[in-house]
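Note that chain A is present in both complexes that follow, paired respectively with chain B and with chain C.
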Partner chain A sequence: MPTIFIDNKPYEVKEGQNVLHAAVSHGLNLPYFCWHPALGSVGSCRQCAVQCFKDENDTQGRMVMSCMTPATEGSRFSIEHPNAKSFRADVIEWMMINHPHDCPVCDEGGECHLQDMTVMTGHNKRRYRFKKRTFKNQNLGPNIHHEMNRCITCYRCVRFYRDVAGGEDLHAFSSADNAYFGRFEDGALESEFSGNLVEVCPTGVFTDKIFRASYTRKWDLQTAPSICQQCSLGCNMSPGERLGKIRRIQNRFNPDINGYFLCDKGRFGHQWVNNTPLPTKPISEITWPLNDDKSQVIGIASPKASLEANYALRKLVGAENFYDAQPKGDYLLAERVLEILEQYPETASVEDVRQADLVLVLGEDLTKTAPMLALAIRQNLYRHWQEKADKSKIPAWDDLAVRNAEHELPDVLYMVHNAPTKLDGLVSQRMSLDFEQISDWIPRIRAAKNPVIIAGTSLKSRPLIDLSKELRALAPQAKLCYVLPEVNSMGLALLKPKSLSDLKSPGVEAISLEPSLKSDVMAKVGDFALIDAFESELSKRAAIAFGCASFAESTGTVINNEGRAQRYYSVFERENKRPESWRILRDLGGFSWQNIDELCGDMGREFPVFEPFFAKAHHADFRVHGERISRQTLVASGRTAVNTHLSMHEPTPRVDQDSPLAYSMEGYHGDMPPDLASSYWRPGWNSVQALNALSHAPSGVKLLRRRSV
Partner chain B sequence: MSATKKPLTQHIRTDGEMIGFQEYIQLGGYQAVQKAKQMAPQDVTKLVSDSGLGGRGGAGFSTGFKMSAVPMGDDASKTKYLICNADEMEPGTFKDRLLLECHPHQLIEGMMISAHAIQATVAYIFVRGEYKLSIQRLEHAVQEAYAQGLLGQGLEMYVHASAGRYICGEETALLNALEGKRATPRAKPPFPQTVGLWGKPTLVNNVETLSCLPHIVNHGAEWFKSLSKTADAGTKLYGLSGHVNNPGLFELPMGTTARELIEVHAGGMKDGRKFRALLPGGASTDFWLEDKLDVPMDFSSTAKIRTRMGTGTIIILDDKTCPVGMLLSLERFFKQESCGWCTPCRDGLTWVEKILQAFENGEGREEDIEQLERHARLLGPGSTFCALAPGAASPLGTGMKYFKEEFLKHIDEKRCPYANHLH
Partner chain C sequence: MLSAEEKQEIEHELTKFPIRKSACLEALMIIQKHRDYVSDDGLKDVADYLGMSATELDGIATFYNLIYRKPVGKKVIRICDSVSCFIMGYEQIRSKIQEELGIKLGETTPDQEFTLLPTPCLGTCDKAPALMINDELHRNLNPNNVVQILRK
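For the complex of A and B:
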């Protein structure tokens, strides 16, 4: 690792980094705009200027842009040098000549990179005495609000949207100080990744439309680390709650999976959590309408519910009566996938897809079924360009140089598919779903160093799943990646449910857990009890319905498509708190688990496959310096005021039984275990950019092992 | 062609018509390229290096050296590009236009020589969009060359009309424009010679630069050097505009002084007008006062006194024209033509233009002068992404130095003191 000197202090930096990246990774306060860790450098904003010196004796130096300067062994820089420092203040002053002075009412205020950088450079006096230029805004659809006057022309939005995510309907228009970032005409943004603009834009041009309608500041949100519930990849995210409602979801950095980005399903698909909750009653107050002998009742498990809930259901009804509600085909595929993975447990993470030298996609339309894999493939192709450009001595971070140097589509993406997909332009070889000529590809697969074979259940095709296995058998170095229907499909499969299609006694009574499929499944059974979070058609038909906490109000474990166990934590507690599904099932069965750790203890003993995760997961009694970790920010406002119409006293925060997190602003706020961090903050860094100084990231635990024979 | 003192322009017709293919052949055209093709590519490059030819696009950088930076040999890319920069949008500059409109075959031959030297397979002539006649005549001439079999055998040539931005003349923004991207410059390194158009080795040269090549091949490096009065080789197409009696273009030995240009060739100042200052090479050079009139106008003599000749097409400022107004129209141009990529240029020039407009309106303030001076400093080399902003800073910085009194007069009188004069 090279050592560089910044203001005469040595810093160890990563090989091949630029000076800006190195500096902010070390937590130094060096302002910037156009650079982004996932977008690389382009040198346009000129905000990151530092003084660069030839050697120790050079006191004068010359100004360079740190983002465009490689951090080579022994090189010397100064952030504090008056020349660079005053230039940075000048750049901010230029940025601000047209910027509206509306921070107090701006949606971005309080988590604005521009705000942070302006404070950092010390610019606080207006000298520009002319009118600001103004723009018209566009209606960009239901998710993203557009406020062009706030633009500082850093070009990050188009670089993400077009260059990284392959979107075509967002452009940089016009030029000079009239550059405009928007669509050709009003209309919803078409990209599946448009929501990342909210985090990528360093100011308030692109903001979360759902969030801004709630007039909530970042610091008033209660957050907890969570896992996206929308597909089987298990992207890490951080939902924010205020006054009993989920207000938004932001990305939670996990380099193995989602990295810096989320798809729109994950980011914006959260308002269902604010639906009318299904009420519940304590078990002591109900009359149980079904057979008292629970072993006469079947349990219908759910790939959307936590591992804990499914396990509790299994415990309650017994392994014999534990059924998977998925249609027969899906069930068999999931079973088949698990069978294959027990033979070949080396699954590919999203990051493995980014790093692969060959990606085979068998039948999945990834942009729809696992959007972040589609993004990963785009990132993969770019990474190939970076590697090729490296040979012409172009550093990987020199984004435009890489894109200008490389034009040939890398020979990476091989696809078996009939229908058009959004990745078609990136495919180097394609075959129809009957894959008759698949043998043509075998030499290429064998020759690959770290190929990934992606298949999945969306086409309900057994032959495609079998093909993936055959190809894996031919290429031992390959990793498998299966796209499954739901967030916890893998977790449920590991609990070995039976298929509801094999049900021998139709009309039997059932307990249905957080069903993902509606009435047609329930037609097979007789009277049923339902455990679900929200009112629905089913809840009206159930003999008895228990309202349970949604994922946002409960803590639980899900296992993603690669067999990685990850925990999501309760973000908030509703006024009328409903128990977690597993607590309802516990009470129905009279089990003794007091908290999730006790349940997981039992589950681990019964299913040793989960044990490595439970051993590593933070138990409820985990503390940092004797403190719980706070879910609220240090400056949460209105805390004592919101309830004054009811009581002068601040309500006592409820004690979280299942996690080391506190529903309070009191608690630990410093550096924390990455799996427990839900927002990024450092002094002077109030925006998501604070995460650049992060040294550790969450990882979860990969569970699949080769089945011993 | 016979050796001459004015190789570039001696045959240019007085009726404004172009020199067509037949006429060019009769004048000895396309013999140089044949001669060059007998030579090894490296020898052509060496000849150009030896001739001392410096880029006429404004920087004067050694053309031979640029050629030698293009990767050669078996390992090099098979596709290489040669681009003729005919964007000529520099205010006050109209030298390339003459060569394009009246002598297109000379340029095509020059490009063929250069293409041989770097083994380029495709050549583009990137022409300013408003140069309609140039485009028409170039297309005609290129077609003639194809019809005669000169082009199309190992070298394809295309005429590309620019969509019309000053920044497209900056060689890396030109590459982006040709690729159909936004015309913003690229960072260097990598240089276009290694990573250029569509990532392939690419050489970009100015019209006048390329037009010199047939003559260098025909008459040799020593002859080319002997054309000049100074260390920089060749002739130069000098131009003059402003209130002189005989504005226009003059091909003269490199190193001719501005005084000679004004007094001898342009027939002196118009009656009633006195010389006040000049911009030597388009808008993006320093103002020169009387004291620089005897400096040889070439690249190295001007570099020695830390100024630039630029394109060598002089704009004269006389005593009846408001220097503040002139600065306003220059900076308005630069502001408008900023590509909008980097902050100092995009927003700094906006500020500059607003202040100058305020002066023009009689609303200038004393603190504005400080702002203008500050911007002239800040937009200089090293702080912006490309050379457009430093170009804008050159007349601004020297203007603030030389014409401060004029600014103060605007403040005192709350109006432009020249408002009643006819321009």
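For the complex of A and C:
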């Protein structure tokens, strides 16, 4: 690791970093705009200027852009040098010339990188006396709000949208003072990753339109670490709540999975949490309408429910009566996938897909079934360009130079599919679904260093799954990656349910965790009890329906497509708190688990495969310096005032039985285990950019092991 | 819809480039030559023909001052506002033109005769102040001769 000197202090930096990256990683206050850890440097904003010196005797130095300067052994810089300081002050002054200064009504206010950088450079007096130029905004669809006057022309938006995500309908228009970022004409942004503009844009040009409709300042949002429930990848995210409603979702950095980005399904697909909750009554107050002997009742598990809920159901009805409601074909496919993974447990993470030198996609339209894998493939191709550019001594972070040096499509993506997909333009070789000439590809697969074979269940094709296994058998260095239907499909498969299609005694009574039962399943079961969070067609037909907490109000474990167990934490408690589904099942079965750790203890003994995760997960009694970790910020407002219409007394925060987090602004706020961190903040850094100075890497635990024969 | 003539000319340009998109500026110039300016529809036609998104092509079209994305008059006046012309009386020349034609910078006369646009240095500083009307260069301007030039 090279050592560089900044203001005469030595800093150890990572090999191959630029000076800006190194400085902000060390927590130094060096302002910047156009650089982003996932986008690299283009040196366009000129905000990151520092003074650079030949050696320790050089007192004069010269000015350089820190983002465009490699941090090489022994190099010397100054952030505090008066020349650099006054240059940076000038730059921010130019940028603010046309800025509307509308922070009080701006959605970005309070978590704005431009605000932070303006304060950091000390620009607090306006000298420009002339008219500001103004723009017309565009309607960019239901998710993203557009406010062009706030733009500082850093070009990050188009660099993400076009260069990283491959979107074609956002661009920079015109030039100089008139530069405009938007679409050719009004209309919804087409990219599946458009929501990342909200976090990538350092100002309030692109903001979250759904959040805007029930807006709350960042510091008033209660957040908790959570896992996206929309597909089997299990991206890490951080939902924010205020006054009983989920307001928005932001990315939670996880280098193995989603990195800095989320797909729009994950970011914007959350308003269902605010639907009418299904009411519930304590077990003691209900008359149980089904057979009192629970062993006569079957349990219908759900791949959308947590491991804990499915386990509690299994415990209640017995392994014999524990069923999966998927159609037989899907069920067998899931079984087959698990069987293969027990033989070849080295699964590929999203990061492995980014790093692979060959990606084989067998019949999955990834942009639809696992969007972040599609983004990972795009990032992969760019990484190949970076590697090639490296040979011409172009640093990996020198984005424009990398892109100018290389235009050829790397020979990486091989696809078996009949239908058009959004990745088609990146495919190097393609074959139809009957994969007759697959043998042509085998030498390429074998020669690859770290290939990934992606298959999945969306086409419901057994031959494709078998093909993935055969290819894996031929290439021992390859990793498998299966795209599954739901967030916890893998977790459920590991609990070994039986297939409901094999049910011998039709008309049997059932308890279901699955909220969407198909009619053929319904025809098989008699009276049933349903445990679900929201009212639905099914809840109206149930003999009894129990309202349970949604994922946003409960803590639970899900296992993603690579067999990685991850925990999501309750973000908030509703005024009429509903129990977690496993607590309802516990009460029905008269089990004694007081909290999630007790349940997981039992589950780990019965299913040793889960044990490594439960051993590592933070138990409810975990504390940092004797304190629970606060879900609220230090400056959350209205704590005594928001409830005065109900009572003059300040309510006592509820105690979370299942996690070490507190529903309060009181608690620990400093450096914490990454799995428990849900928002990023450092003094002077109120935007998501605060992350760049923190070494966060939540990881979960990969569970799959080779089956011993 | 691109006319047969436009297509033919674009095709000719395409032979000079390895990638279709690369001919986009030439293609825009071609339709501007035939239609006087590049309308939204014209832009979409070119984008489709070259296999790029309208957004991407418009990003390029709007970058260049000489691609007109709005209708312009028969004669486009481009008046130099760079430093030599500025010193030599650009401001008086501009006011005179504006007075004569009744339009501001960036506007077109109601009879669609003239459009007035600013331009950076025309490379004829020794004969400043200067302007161009379409392809014709006019130099050593003063408030009198500029009016005569306009009335010609």
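Here is the rule we use: the second predicted complex is superposed on the first by the 702 of 709 C-alpha atoms of A that agree within 3 Å, B and C clash if a C-alpha of one lies under 4 Å from a C-alpha of the other, contacts with A are read in each partner's own complex, and residues count from 1 in each chain.
Criterion: a residue touches a chain if its C-beta (ideal position, glycine included) is under 8 Å from a C-beta of that chain, and two chains touch if they have at least 3 such contacts.
Given the structure is predicted, the values throughout are model-derived calculations rather than measurements.
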- Query: Which term applies to chain B and chain C once both are placed on chain A by superposition, clash or fit?
  - Reply: clash
- A:Ser392 contacts which: chain B (first), chain C (second), both, neither? first
- Identify the partner contact of A:Ala71: answer first if only chain B is touched, second if only chain C is, both if each is, neither if none is. neither
- For A:Leu316, decide between first (touching chain B), second (touching chain C), both and neither. neither
- What is the contact status of A:Thr153 with respect to chain B (first) and chain C (second): first, second, both, or neither? first
- Query: With the two structures laid over each other on chain A, which partner does A:Leu400 touch: chain B (first), chain C (second), both, or neither?
  - Reply: first
- chain B or chain C: which reaches more residues on chain A? B
- First, second, both or neither for A:Ile79, with chain B first and chain C second: neither
- Query: Thinking of the overlay built on chain A, is A:Val487 touched by chain B (first), by chain C (second), by both, or by neither?
  - Reply: neither
- If you stack the two complexes on chain A, which partner ends up touching A:Ala172: first (chain B), second (chain C), both, or neither? both
- Of the listed stretches 22-30, 202-210 or 328-336, mark the one in chain B with C-alpha atoms clashing against chain C. 328-336
- Item | Intersection of chain A interface sets (partners chain B, chain C) | 172, 174-175
- Note on the structure: In the complex, chain C touches chain A at residues 40, 43, 52-56, 58-59, 62-63
- Query: Contact residues on chain A for chain B in the complex?
  - Reply: 42-47, 49, 62-63, 68, 87, 90-91, 94-95, 97-98, 127-128, 130, 133, 152-153, 155, 172, 174-179, 392-394, 398, 400-401, 404-407
- Query: Where on chain A is chain C touching in the complex?
  - Reply: 162, 168-175, 180, 183-185
- In the complex with chain A, residue positions of chain B that touch it: 165, 167, 175-176, 182-184, 186-187, 189-190, 194-195, 198-199, 335-344, 346-351, 354, 358, 367, 371, 374, 378, 382-385
